[in-house]
Amino acid sequence: MNVFLAAVSAHALVLALALLVALAAPPGRGRNLLAGGACLLLAGSGTVAGWVALTGAQGRISVPTPLAGLDLTLVPTPLGGLFTLVAGGVGVVCALYAIGYVQGASASRTSWSAFAVFIAGMMVVPLAADVVTFLVAWEVMAIGSTVLVFTEHQARASVRPAGLWYAVMTHLSFLLLAAGLGVLAAASSSTSFADIAAARSSGGLVSIGFVLAVLGFATKAGAVPLHVWLPRAHPEAPSHVSALMSAAMVKMGIYGILLLTRLLPSGPGWWALVVLGLGLPSALYGILQASVTSDLKRLLAYSTTENVGLILIAIAVAMLTPTRPGIAATALLAALLLTISHAAFKTALFLSAGSVLHGTGERDLDRMGGLALRMPVTTGVLAVGCLGAAALPVTSGFVAEWTLLQALIHADAHTDRLTTAVLPLVMGVVALTAGLALLTFTKAFGIASLARPRSPGAATAHEASPSMRVAMVVASLGVLAIGLLPGQLIRVLTTILPPGTARATGSGGLALPGADAALDPTAIIAFAVALTLPMVLTAYRLARRAPRQRSPLGWGCGGVRTSSRMQYTATSYAEPLTRVFADALAPTRDVTVTHVEESRHALQSMAYQQQLVDVVESRGYVRVVLLLDRVGDWGRTVQNGNIHRYLAFSFAALVVVLIGVLQ
Amino acid sequence: MSTTLAGSLAVAVQVLAITLAAPLIVGVNRQVRARLEGRAGAGVFQPWRDLRKLMRKNPITADGVILASTLSVALAAASGLLVALLPLATNLTAPGLRGDLFVVVSVLLLGSVLIALIGLDAGSAFGGMGSSRHMMVSALVEPTVLVAIYALSIPVGASTLSTILAARMSEPASIVSPVSALALVALLVAVIAETGRLPVDNPSTHLELTMIHEAMVLEASGRDLGWIELASWMRMTALLGLVANLAAPWGIAEEFTAPALAVGIVAVVVKIAMLAAVIGVVEIFLAKLRLFRVPELMAGSFVLGFLAVTASYLTVTP
Amino acid sequence: MAVIPWIALIIPAALAGISLTLPKASVVRHTPLIAAAALLGCGLLLVVRQPDGLTAAGGLLRIDALTAYLLLTVGAVAVVATGGATTTSANGRFSALMCLFLASMTLAVLADNLGVLWVAIEATTITTAFLVAHGGGRHGLEAAWKYVVLGSVGVAIAFLGIVLVFAATGEDPTLSWAALTTRAHLTDSARIGLALAVLGLATKAGLAPMHSWLPDAHSQAPAQVSGLMSGVLLSVAFVGILRLKTISDHALGVPLMRTMLSVVGLLSLAVAAALVLTQRNYKRLLAYSSIEHMGILAIGAAIGGPLATGAVLLHILGHGLAKAGLFVVAGRTLSATGTHAIADVHGLLVRRPSLGRPWLLGITALLGFPPFGLILTEIAIFVAGYQRGFTVVTSLALLLLLIVFAGLSRHVLAMTLTRPGTPEDEMGVDPASGGQRLVVLGAFIAVAMLPLLAWPLSSAVQAAVAALGGMP
Amino acid sequence: MTPITAQVLATAAGALLLTAVLLLWRRSISGGVALLGLQGLALAGLAVATTPDGELELYALAALLALGKGVVIPFLVLRTAATVGDAGQARAMVNPTVGMLLAAAFTTIAFLVARPLVTASTRPTAAAIPVGLAVVLIGFLVLTSRTHALSQIVGFVMVDNGIGATALLSTGGLPAIIELGVLFDVVLVVLVLLVLTRRIRDSFTSIDVHELRELRD
């Protein structure tokens, strides 16, 4: 019995079980536990299938359909196996988290069954072996996530437009893929990926197919300018769903682009520029919007766009340096590491954001504060997540960006003119993105968890339930594990990368022969601990002689009142940046001043209101929507109910056919 | 003596030396400025006295402040780690601690984040204002630092600082090449911005609206303030030492012997002191830039770094 | 085997007679359902027995795998439409006309002679005229008038086409489809004849530019009538077009029908896209969705080849079931809320789950989401389109489908999801009985089972495609 | 083709085209219906002319055609016109002169289109096919331009007469069952339209089809 076959059939059985349990179990804690457990099992079986595929299992599963010659086939590949593994891992953590988190609408039968379908969809997409299966699995993932985005439609009015944007953009992604992959299948006259890869076809048609497919995958990955659904859908979906979407579903877009580079290895040079053209703006624009928004989940959504941008840059560098295999392999490794590390820390961040929302009822950073005292575990996870997202030492983000930097630095000028011009620019953008990410996550962690609570909700925050805490801690341990021992991860990835790309050094460190660089995080940690020990000892000795004293009033140049309104909020924290990047963000500010009736000079009140809208959406997409509405209105005037006009249509059609057929 | 043990001991010695030397460097800088301003000045060893006083005083923290003590100690540790990673007194490195470009910049930024968090945790308007401005400046500084060191690494072909220094010592001509000159100027501007010297931030001011570094440490007191001051002095010394060594790499200890190490330490302290004195003199003539002109300065230094990179591409013979 | 088609014809006709004469209202109310069940039975029997081109009634009728498959479709959709809808004022005349309507559709399906096909299609127009006007008041009359005038004129064009095809058969004149498909050479008048015949049948198939009657007729007719018309009458006329395409591809080569069907298909999608965006009446929304799906079928037929044609046939069954179920639910929503306007209906999913859930389920099927079968057929048509060189046509179709998706989902979400903060106006109760709700749910489950029923369906679909001459 | 049948053929075809043009020109309902009757009889004449002599049941078919199209349909329309009342002037969307020009244009189109039909057909009567097509197109024009319900019915019957004529001329008549089926269908459609006209008259108080505009998007 082929191992892969066993894993996938087990996965299918568990899906049926999960759906049955979701529909049959009694509402309340009973259903949450049972359905959550079933989804946990589902994601677990997916992880097993991913692991089996990653470690090079063979096998082929094909399900017949009523149409001749159109079977749905699944074949394990190492690359697909990795992405199933990542999605499965994130699925396990999110299912565990959901058991404690869901209540009300997100604990309904439809939500649980949609959650199971969503996980199952993501497990199958990387294993699909031909165009039709890939598209069907893609839509299974789409329907699962669309239903989940709408769960809280009764609570907030903003859920419906967000869900609509999400559904339409997901369908745009599906149609772009259908076009792109269809053209590729036509160019190599077969729908199976193996044949497309073997055909090595090239020419104008293949380029069109490639660009369409890349745009389709970029829409799902949330790359600028196709990212508008991401900052709308993620804040509205329940946190465990937005964690799964951000950490796992977005990666299916990345898997697609990597698949394309494997199906069409010898593409022309400008293909890499297309991917780079999507990557650079995504990284910069994504982190810029993240740094100025004050809604925590919207911040995390935009940071996903930024990380997708970095991954696309890594893939583009891999495509730009075919003449230097060492560098191309390092860049590919960087892309994989960025994907895995983003999956880990974004899950931790979204789950902690959900726990904060669960505890304080607040989503806006301006109304949080002082959570470190009230929600220690969540703050700890948020700290680790923010460290990972800001790519600071000892976290998975650091290892991933380090690999990307090594690839960029060592791809020196010997390649062609194209890379010479592009590489310094890419280096500058990656560095600026890293800098802004620093500010963003300092703001996110600092404003949310330090100093005094800025709203009654934050003041009465309570810690999350046990299952949520376990899930969050597991996610943050993932971030730290990859950060500390990247060597173990490299051993797993060897089946995907070309031989000799990276070696795991003794103490879990990482060596890149291609770029002759080595990183040993455990050594850095050891030295840091060795340094801090004497300092802590002296601090402890000093503390015994001069104990700390508490006073109700801070210094603040002698005038501070203890009200929490005196503290900086997330909006004010990002105000200098908004001013520096004003033309890219186009903030709309208005100050309304109400004077006292008696005299013009005395102010009664002054209100400052700043509105930051997504420029891509307000300038690009809104115009398209208005155009479509005008087309709709024009269409309605044509169909105005006058029978003579209808008869004229038929008559004109008759005459046109008569003359057309004349010939 | 295995190289790893030698390397680690050398680095430990370097950290100890720089920890002791840092207050001295700041003392020199302040003394030079005092003399030029016609004041007697508090003497070169005043910072050591301040430090001793602060370490013995009771720290006072307002209600609602959560992580003040742990963050200040962590900040000191981060600065220590930064000093360990940079080739200041000795070029030897412990195996895991090769001063790789990105690792150095990340540890530098870790320090920035920690001090920003201290500012936020203070819970007062000034702490938030200082922290927000500091993070904006360090966000704009990071591209310049990365691109500048990247430009220096291209002629050498490796991105670890110790190899760059060894290469520059072997052929001094490369030090005055256009690539190195442009990169060094860009790096110097970036270091000045990062350590909060004029024209980006005035270290000696307490005027609410202009201070960046001082605003963050406003609420700190007693030994918390002590750790923070020590950390920022060590950071400034380390960064100035990096610039000094890149400009004049001679005297750095190549192998692990007592005399070489002593020479290395003395050489680096003298070089940093001279650089601190020069900065002191220059600061007299500079006024603080308006905050929203700082991005233009940063953009300028980034372009310098960018030119250095493209220049290095052109001169490299294929 | 030969007797089954006669049963399929005679039972509905006989039931029509019974429902006119029999006074007992309870029986008369259900005669259309009985007729539909009989058709479904005959269809199933024929599909299982796999007939291979048997002619009856002196060459006028024909039973092959295609007719068997179509009879099954007509029966299934009819059961859903008549079983699911609440027959409020079902008097004898209404049931009789419904049974006659079913009988004429069966005749159209079984017809081998093109003349008989024309007479049957015209009979469907006549029988449904008064059904559309039934209980609709002023709007019903207006819809009926437009339906009959436009429908008859369109079908008259088809008759002109058939006459010219008959003239083109030269020495031994024949109108039998089986004979015509074997004719290698037809005189030049066949070009004009076939083009006009297809244009005429396109009217009854609801394809643009001859579609104008469809929104009015389908939105005014009672639920089961519009369900039947939208679900299967359009498809029966479309299969007529498929039969004519087989003759044309065989005798005149492929380009004529390819260009014509592609143009008509894209036009239909464009009309549907333009009018779904800011639509205000949810029954007209369903009507335009029918035009859109007919556009997809036309493009699938233009692409040709065994894969696309199999997908078209499967799509007919899937779309028919889903659309019939949806029109029935729309009828119940109308009687519950008393308004056609989309803007006045909101929060169906929460306030009337028995209406909201099937409504959302059916629309998800139409939008092309798994687990429903339409996703598979649409992907098959797109992939076949690209593989057979229809790159531009398929890409344009994909773009228009995106606009239709946006329009349809915007309106349906507005109806089903709650608008927090808007005042709760009172809403009537859902009139359907348990059995009727089950029939509708059964229809959607059947559409969901389509891609999984590989074993029984694939042989039936492939045999039907072979019966169509494999569509070069 | 004996000279007599050729003569009958020519007169019948001429009568068909003439009645069509006159119908387009005259606007009164009663006049129109009379012309429609005439056209039915001309069609019957055409049927007689095109059948090879000696085919008895074809003659019966021609008689049935004459009865149906010439007598029954006009009678029904007139009866409804009486009950409906204001049978007077029906407003036309297109003024007569433009109508005439359009009729001429459509006749030329009919001749252009029919050219391949005439050359391809071996039948002697093929030369007259364009007349049938012309009547179809003019019938369509009447249908599209008249706003009166009854005149729309007249237009529809004209289209049908044109198609019948084309059938007779190009193929010498369809098989008997089909011919009967078609005739039966046309009569039924006219009946349905007349019933609907009477109902519209009751609820809309006028049978001006141009007012039927409430069903719009």
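What to note about this one:
Read from first to last, the chains carry the letters A, B, C and D; within each, the first residue is number 1.
Keep in mind that, in the parts below, a residue touches a chain if its C-beta (ideal position, glycine included) is under 8 Å from a C-beta of that chain, and two chains touch if they have at least 3 such contacts.
Every value quoted in this text rests on a predicted model; they were computed, and no experiment measured them.
If you tally contacting C-beta pairs for each pair of chains, A-B comes out on top. With centres computed as the average of Cα coordinates, no chain lies farther from subunit C than B.
Chain geometry summary: the mean Cα position of subunit B and that of subunit D are 100 Å apart. Rounded to whole angstrom units, the spacing between the C-alpha centres of subunit B and subunit C is 77. Centroids of subunit A and subunit B (each the mean of its C-alpha atoms) stand 35 Å apart.
Per-chain Cα centroids separate subunit C from subunit D by 31 Å. With touch defined as above, residues shared between interfaces to two or more other chains in subunit C number as follows: 145-146, 149, 153, 191-192, 215-216, 275, 279. For subunit A, the set of residues that touch two or more other chains comprises 635-636, 639, 641, 643, 647, 654, 658.
Each chain pair that touches appears in this list: A-B, A-C, A-D, C-D.
Across the interface of their complex, subunit C is touched by residues 63-70, 131-132, 135-136, 139-140, 142-143, 146, 150, 153-157, 159-160, 163-164, 167-168, 171-172, 175, 178-179, 182-183, 185-186, 189, 191, 205, 628-629, 631-636, 638-639, 641, 643, 645-647, 649-650, 652-654, 657-658, 660-661, 663 of subunit A.
Looking at the complex, you find that subunit D touches subunit A at residues 93, 109, 112-113, 116, 137, 140-141, 143-145, 147, 209-210, 212-217. Those residues of subunit D that touch subunit C in the complex are listed here as 113, 116-117, 119-122, 136, 140, 143, 149, 152, 156, 159-160, 163, 166-167, 170-171, 174-175, 177-178, 181-182, 185, 188-189, 192-193, 195-196, 199-200, 203-204, 209, 212, 214-215, 217.
In the complex of the two chains, the subunit A residues touching subunit D come out as 635-636, 639-644, 647-648, 651, 654-655, 658-659, 662.
Against subunit A, the residues of subunit B that register as touching in their complex are 8, 11, 15, 55-67, 69, 73-74, 76-77, 80-81, 84, 94-98, 100-103, 106-107, 109-110, 112-113, 116-117, 120-129, 131-133, 135-136, 138-143, 146-147, 150, 153-154, 157-159, 206, 208, 218-219, 221-223, 227, 291-292, 295, 302, 306, 309-310, 313, 316, 318.
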